[in-house]
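This report concerns only the one structure given below.
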Amino acid sequence: MNAATPATGRTRPWLAFRRPNLAIGATIIVSLVAIALVSLVWTPLPPAKMQIVHKLKAPLVHGLLGTDQFGRDIASMLMVGAWNSLSTSAAAVAIGASLGTLLGVFAAARRGLTEAFVMRVSDVIFAVPPILSAMMLGALIGTGRFTAIIAIAVFMVPVFARVTAGAALQIWSRDYVLAARGAGKGGFLITVEHVLPNIANQIIVQVTIQLGLAILTEAGLSFLGLGMPPPAPTWGRMLADAQTYLATAPWLAIMPGLAIALSVFGFNMLGDGLRDLLDPREKGRS
Amino acid sequence: MSKSPLLDIRVLSRDYVSHSLVGASHSTRALDEVSLTVDGGEIVGIVGESGCGKSTLARLVAALDRPTSGHVLFDGDDLFSLRPKDLMRKRENFQMVFQDPFGSLDPRQKVERIVAEPLHVLARRPSRAEIREKVADMLESVGLQAAHAGRYPHEFSGGQRQRIAIARALVTEPKLVIADEAVSALDLSVQAQVLNLLMDLREKRGVSFLFITHNLAVVDCIADRVGVMYRGRLVETGPAHHVFERPFHPYTRVLADAEPSIERFGRPAASERSPPPPSPADAGGCAFRNRCPLAIARCAAERPELRMIAPGRQAACHRAEDMAENGN
Amino acid sequence: MTTAPLLSVRDLAISIRMGDGSLTPIVTDVAFNVEAGESLGVVGESGSGKSLLSLAIMGLLPGVAEATGTIAFEGENLLTASEDRLCHIRGNRIGMIFQEPMTALNPAMTIGDQIAEGLVWHRGMSWRDARSQAVDLLDQVRIPDAARRAKTYPHEMSGGQRQRVGIAIALSLKPALMIADEPTTALDVTVQAEVLDILDDLAREHGMALILVSHDLGVIARMCRRTIVMYAGRRMEEGGTREVLTEPRNPYTRGLIRAIPKRVADGGRLQTIRGTVPGFNRLPAGCVFSDRCPERIDACHIAEPGWTFLNGNRGVRCIRAMEEGNQ
Amino acid sequence: AQKDLTLGMAVEPTGLDPTVAAPVAIGQVTWQNIFEGLVTIDRDGNIQPQLATSWDISADGLTYTFHLAEGVKFHDGEAFDSSVAKASLDRARGADSVNPQKRFFAAIDTIETPDAATLVLKLKEPAGSLLYWLGWPSSSIVGTKSAADDKTTPIGTGPFKFVSWAKGDKVELEANPDYWNKDRQVKLEKVTFRFISDPQAQAAALKSGDVDAFAEFSAPELVETFKDDPRLATVIGNTELKVVAGMNNARKPFDDKRVRQALMMALDRSVIVEGARSGYGTPIGSHYTPNDRGYIDLTGVYPYDPEKAKALLAEAGYPNGFSFTIKTPQMAYAPSSAQVMQAMFAEIGVTMNIEPTEFPAKWVQDVLKGRDYEMTIVAHAEPMDIDIYARDPYYFNYKNPAFNDLLKKIEATSDTAEQDKLYGEAQKILAEDVPALFLFVMPKLGIWDRKLKGLWENEPIPSNVLTEVYWEE
Amino acid sequence: MLTLLARRIAGLVLTLLAVSALIFAVMDILPGDPASIMLGMSASPDTLAALRHELGLDQPLVIRYLQWLAGVATGDLGKSYTYGVPVAGLIAERLAVTLPLALMAILISMAIAIPLGVVSASRRNSAVDYAGGFVSQLFIAVPGFWVALLLILAFSMSLGWLPAGGFPGWQAGLIAGLEALLLPAVALALQQAGVLTRVTRSSVLEVLNEDFVRTARAKGLSRRAALWRHAVRNALVPVATILGLQFTFLIAGAVLIENVFNLPGLGRLALQALSQRDIIVLQDVVLFFAALVITMNFLVDLSYLLLDPRLRGRSR
């Protein structure tokens, strides 16, 4: 027998960047992450340094992006805020995604009562608005980064549980799973060897989308004073603080608003691009 | 029968209960008291229209599902009363090949892993080197190359994939392979290759096959014996060629007549029938009676059981003798 | 040939634009005529371009496909016709039946409406009249209790019944040409036989020309007077069905026929075509079948043989046939 | 002229009966508008007669005799007389009373009603501030029949009647045509209190004219945006809201006076006011506001001097500073002040961590009751509440017998001049001891339509008295 | 249909029991109690005790929970600690604002998203598609409360067309009520529209690949006709799912927008109840949310039946 004939040519990785979504999203996110990392070692000014005399200066008048009501350098705060917002969101999504995925594949493997139970748990979580549960959590264990992470993660769990359960159920109906059962493999092995690798794409795509959402939620929590405590700058609290200066110092609100919008946009674009890239049905298309 | 058959299916039934969201759940009998044996080294074909319970039978024989009633004896052991551990060991001796060569291979595993998967059942876990060797062996014996072990399924054509699936089924050197529509998805030229391969395997390794298909020609080509199913019941069995040449059940006749062939040009003469009303598979009579040109009053009253009509030939029809006498 | 044929395909080539922007030719140098009332079979293995060919005639090629050549229907080139014009011809003059009865019908619309829709759209009939005509059509395709069935949804019907609905839709406007792309592959043999009979009856009654696409030689034998055999987007052989199947002139056709499963004397093996259908991006040089052909000669690898007309209306693409033909 | 008024408030009252719950918002809607007391407090903080037209205090200060107004009727028609007044006071001081000022009535021994127009209070001991507290919202006189339902449908004797309460949104009042006090005819016919917590929304409501006035606008940083608005007037008045950063005087290192003083010197109060309150606020040096009688400016006792602060810290044994946590409630002034303080403490090597703390629930539990904190920051709203530093227990854990004696003396004298002098001394003790970091007094940021007249400019007591409010032609 | 309903209700009751027990427990652990919040900073212990007794807070947790459950079972949702009025009335008042707001937001977002999504899908990779994609991404990415501020700035403060916030009540007239809800509804709708556009687009794209669309084209229907008559309706099932989720979110989760527009909505009631530790109100509101989530899921399922007759067949 001759050499196998590939059904389709292998995807050349650089071709991925012909897709505008992926290219735009990746560029935005990589830059943001780079800025966040730089902020750990260097910022134009210490982000917490107050110079009341220079308060509320417009961009370029004092500092690159101006100063806030305490005379702090907005550019520096945004940089550190990038780190705080991104790392908080990333941690929350990591927790939510792992827990949710675990629940989802478990439900799919067990079906029946387990599945019903997982769905009920999702319902329960959905029933309590995220801001309310965040506030309860804040009252219970105090506010701060940890609380924000947990509060966001809790809300991600049912999302991931549902997505993975749906995807995993499809995998479970495949013949290769039947073949694995014929090879005497149980639910755990099948989940690890067949289900998870095959739903990984969908989980990855969902992760990028949820990262965007997490940034928005983090902003909302900070807006309500439930995020990281001052002086640690977060985009959400910067936006919240800026609210009352909207008329007098609009850049205060515009800068963090843009940062949030840009990163959410970036993550969504990345998610979209990945979805297109990883969806086998898209392979043959332009 | 002096020695006991390799596979002995005894009055096997399977009901599917559909839990409708509303009202009482209702059950469909997908498999209805099917009894059948497969001897060592034998290829037994099962034919029948879509939905007649062929796949259900295959899944039960492969112990991937549990019957509502009845037994499957493999090598004398009742598969459904074995402890899970013993059943797993037993799986070494029977494996399954599925219809869709695209759906039955995990797209994210390399061929080596796919083929080696059933080795999981062995009591002694083989070493990596042993596995590699075994897989290479298998790939070569199904007409692929050892070098293919490092590739992914999408790099193969449909026929090659089906070979990989067959290699997987053979890796534990089973005594029985259950092939559910194993060639139906393949093109003619590839189908012939795979059929030849199966026949080779039977010859060289003495593997038995329970070969399920809806294509009469394929069964005719490969099987020693054939079972015809209709609505969950086995309606006729016997040596393949005889069954299609001289059916003892009117349904077999209908099937044989409808099968297109390049030896028959134009339209068959007697094809002026009106479509049959759907008949309920009630316990009261023969499920085929509404479509049956030979139906008599008894067919509605009494359900025909599978019985011996001629040596080696069984049919479940009240008028089987008439069919036998009238010849073709 | 005094009058123009109903459909005349010349030099048809279809290419697909791949993910990286390159064009891969799929269908090449296809030409044939279909006269009114004639039935033409198109056979070939999976992926040989049969569906692309049918879709090209309908003007429904997927966005990534590009067709060149001419498809003259009643003298009008469909490849250059305007979208409006195509909408007028589609359904009205050319009807099509699709392969998958399970997915070819809109699950959210009653079958009566789906049949009636074409009548309303093209003939400007009222929905009332169109619906009653739909019931007649269902009757014609032998669906029992048509009036009640017209009000049901596709999921309530069996595969065979759905395929009949598909036929009724294609038939509703009495097209001059009917294209059936593997209309029965999803059905089992007994149902397949019924559907084929209905199609045959209707073609005869209405004097429709029929293009039947299939990979099942038996189906073609049953239904078609003339047949084209395709391989890798090329026609390999054409002629009366009986001649093609009984005296194939192309080694590929011969291989196919030999590969049909049949009882072989004791332990004998089926004859096969070695190798597999190559992907379109790695076709062999010369004749596309040359790498698998048991009768190939060196010349086969050099240039792709052209289309050779043999006696009567037969044609073949093979170097050896060319020699024979030239004899 | 216009006869109706929409007045914005940041906080919605929870219930409308000031005699059963503490939130000041209840009084800000009902006091003097719906409910009246025996006496009242005017816009200058002086006690004035109301339902009691006059009173006599016995020389020993133990008997108060009130002469009540006649012809007074509640909105539901119930007549007001001494028995109603007695019932009202008894309800407030009874065993199962939930009146937030219950402890001020503890001095009352018995209440007598010699006739319908006379009410006599017999005290156990002299209580110099009783009369003042009788002017407060919690001492409002409620009807005997209506008292139980006042929480949702308040019935009082005041110039406005309750109309409706759309919870979460607004309370509506209308003029009471049968108001008893003919000397005090109100000019408004309809009053709507709108509750808007979000400062941006408050500003929007003002600018769009949805609200005519905010007597207490929440966000000083937005005040500037009203400057150019020809329609709106900005009126900066005084409040009693003293923002102080209380320390746990029982906990190390705050048990050391030098540490507290050093922290005080580390703070530049005017910068805090500038940074956290956009410059609106008056620095204070003790727990006393400039509009209280007897005020002395003590901001100079420990003025901003980081060098000296560092030295003092070193002297106290903290040459490298220390670190601690401040529990800040989430009201706007707290975190922003804390952030400025944080930066200033950093200058002297002291690290302050900010722990946002839910107010009131968690703050009351942790700080006020549990006294489990190091530093906190909160605005004290009650006038002349310097006595809180003498209370035991109180969250400062501050214990100074000399200070306690001083306050006892104040309570015992009824000579105002003497009292003022003693108050001065008390202020000095606190300024010296620094039990809390005294930061600033919040201003009353009144923003309202220029044509609107008669609203209180200052706030001797949290209220929105509408009796004299009218629209200029 | 009835069994379906019965099962759902059983699920509902279980979920509600779980949620309510959870909240009761959490609220008990949370620091702070309603009595000391109501009586303020200088309340004396005996006053507090009196109030706690009056509110029944001196009883053990389990008893309070059971009492509340018993009340709910008999249709009595209890009385708010702080407002002192029956909670049912409170919720009804808030619902009169929140429900129309959510409906308006949903309608606006559908009006934007469905045409945009369908057109983007049908002109895949065209300028319209890219623009639609960009706009919907933008809608999603920009925080809603921020949009709200800008809307107020533009339409209330600068132009003075619409009220800046607050709700006059329906007794002030339908127009006044709708005017008050318009800006908040738009602020809510834009974000939802972004999500919905994307869902619609991908769903329509999916359906456009289905064979039956090709069948419709083979009948001679134009691209547009095939799109609107065949593809769109079948694409609406996933859209309905998202709509259901969004509706629940709009009822329960619009707190930020309610704050900015000062609307007396349900979300704010819940937050307020939480900060006042008004456990009864919080319980009832969360109970309501949970019931809503499940009812909404149920309605979405029903709408599937409407949109997809295949599912109807199954339930017959």
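Going in written order, the chains are labelled A, B, C, D and E, and every chain counts its residues from 1.
As a working rule, a contact is a pair of C-beta atoms (placed from the backbone, for glycine too) under 8 Å apart; a residue touches a chain by one contact, two chains touch by 3 or more.
Predicted model only: the values in this text are computed from it and were never measured.
Undergrad: Moving only from a chain to one it touches, give the least number of moves from subunit B to subunit D.
TA: 2
Undergrad: A-B or B-C: which has the larger count of contacting C-beta pairs?
TA: B-C is joined by more C-beta pairs in contact.
Undergrad: Suppose each chain is reduced to the average of its Cα coordinates; what separation in Å results between subunit C and subunit E?
TA: The computed centroid separation for subunit C versus subunit E comes out at 53 Å.
Undergrad: Where the centres are mean C-alpha positions, what is the separation of subunit A from subunit D, in Å?
TA: Each chain reduced to its C-alpha mean, subunit A and subunit D end up 46 Å apart.
Undergrad: Distance-wise, how many Å sit between the C-alpha centres of subunit A and subunit C, to the nearest whole number?
TA: So the centre of subunit A lies 50 Å away from the centre of subunit C.
Undergrad: Between subunit D and subunit E, what is the gap in Å from one C-alpha centre to the other?
TA: About 39 Å, centre to centre.
Undergrad: Indicate the residues of subunit A shared as contacts by at least two other chains.
TA: 1, 5-8, 135, 139, 243, 246-247, 286
Undergrad: Which positions in subunit D touch two or more other chains at once?
TA: 200, 358, 361-362, in rising order.
Undergrad: Quick check on subunit E: which residues sit in contact with 2+ other chains?
TA: 30-32, 149, 153, 275
Undergrad: State the interface residues of subunit D toward subunit E in the complex, per the touch definition above.
TA: Contacts found on subunit D: 14-15, 21-23, 95-100, 102-103, 151-152, 166-170, 194-198, 200-201, 204-205, 207-210, 358, 360-362, 364-366, 368-369, 382.
Undergrad: Show me the residue ranges of subunit D that touch subunit A in the complex, using the header's touch definition.
TA: 199-200, 203, 219, 221-222, 224-225, 271, 274-275, 278, 330, 335-336, 338-340, 342-343, 346, 353-358, 361-362
Undergrad: Spell out the residues on subunit C that touch subunit E in their complex, using ranges where they run on.
TA: Result: residues 58, 60, 83, 87-92, 95-96, 98, 100, 103-109, 114, 117-118, 121-122, 153, 155-156, 166, 169-170, 173 of subunit C touch subunit E.
Undergrad: Which positions of subunit E touch subunit C when the two form their complex?
TA: By the definition above, subunit E touches subunit C via 210-212, 214-223, 225, 229-230, 233-234, 307-310, 312-313.
Undergrad: List the residues on subunit B that touch subunit C in their complex, please.
TA: Per the stated touch rule, the residues are 49-50, 157-160, 187-193, 195-196, 199-200, 203, 214-218, 220-222, 240-241, 254-255, 257-268, 271-275, 277.
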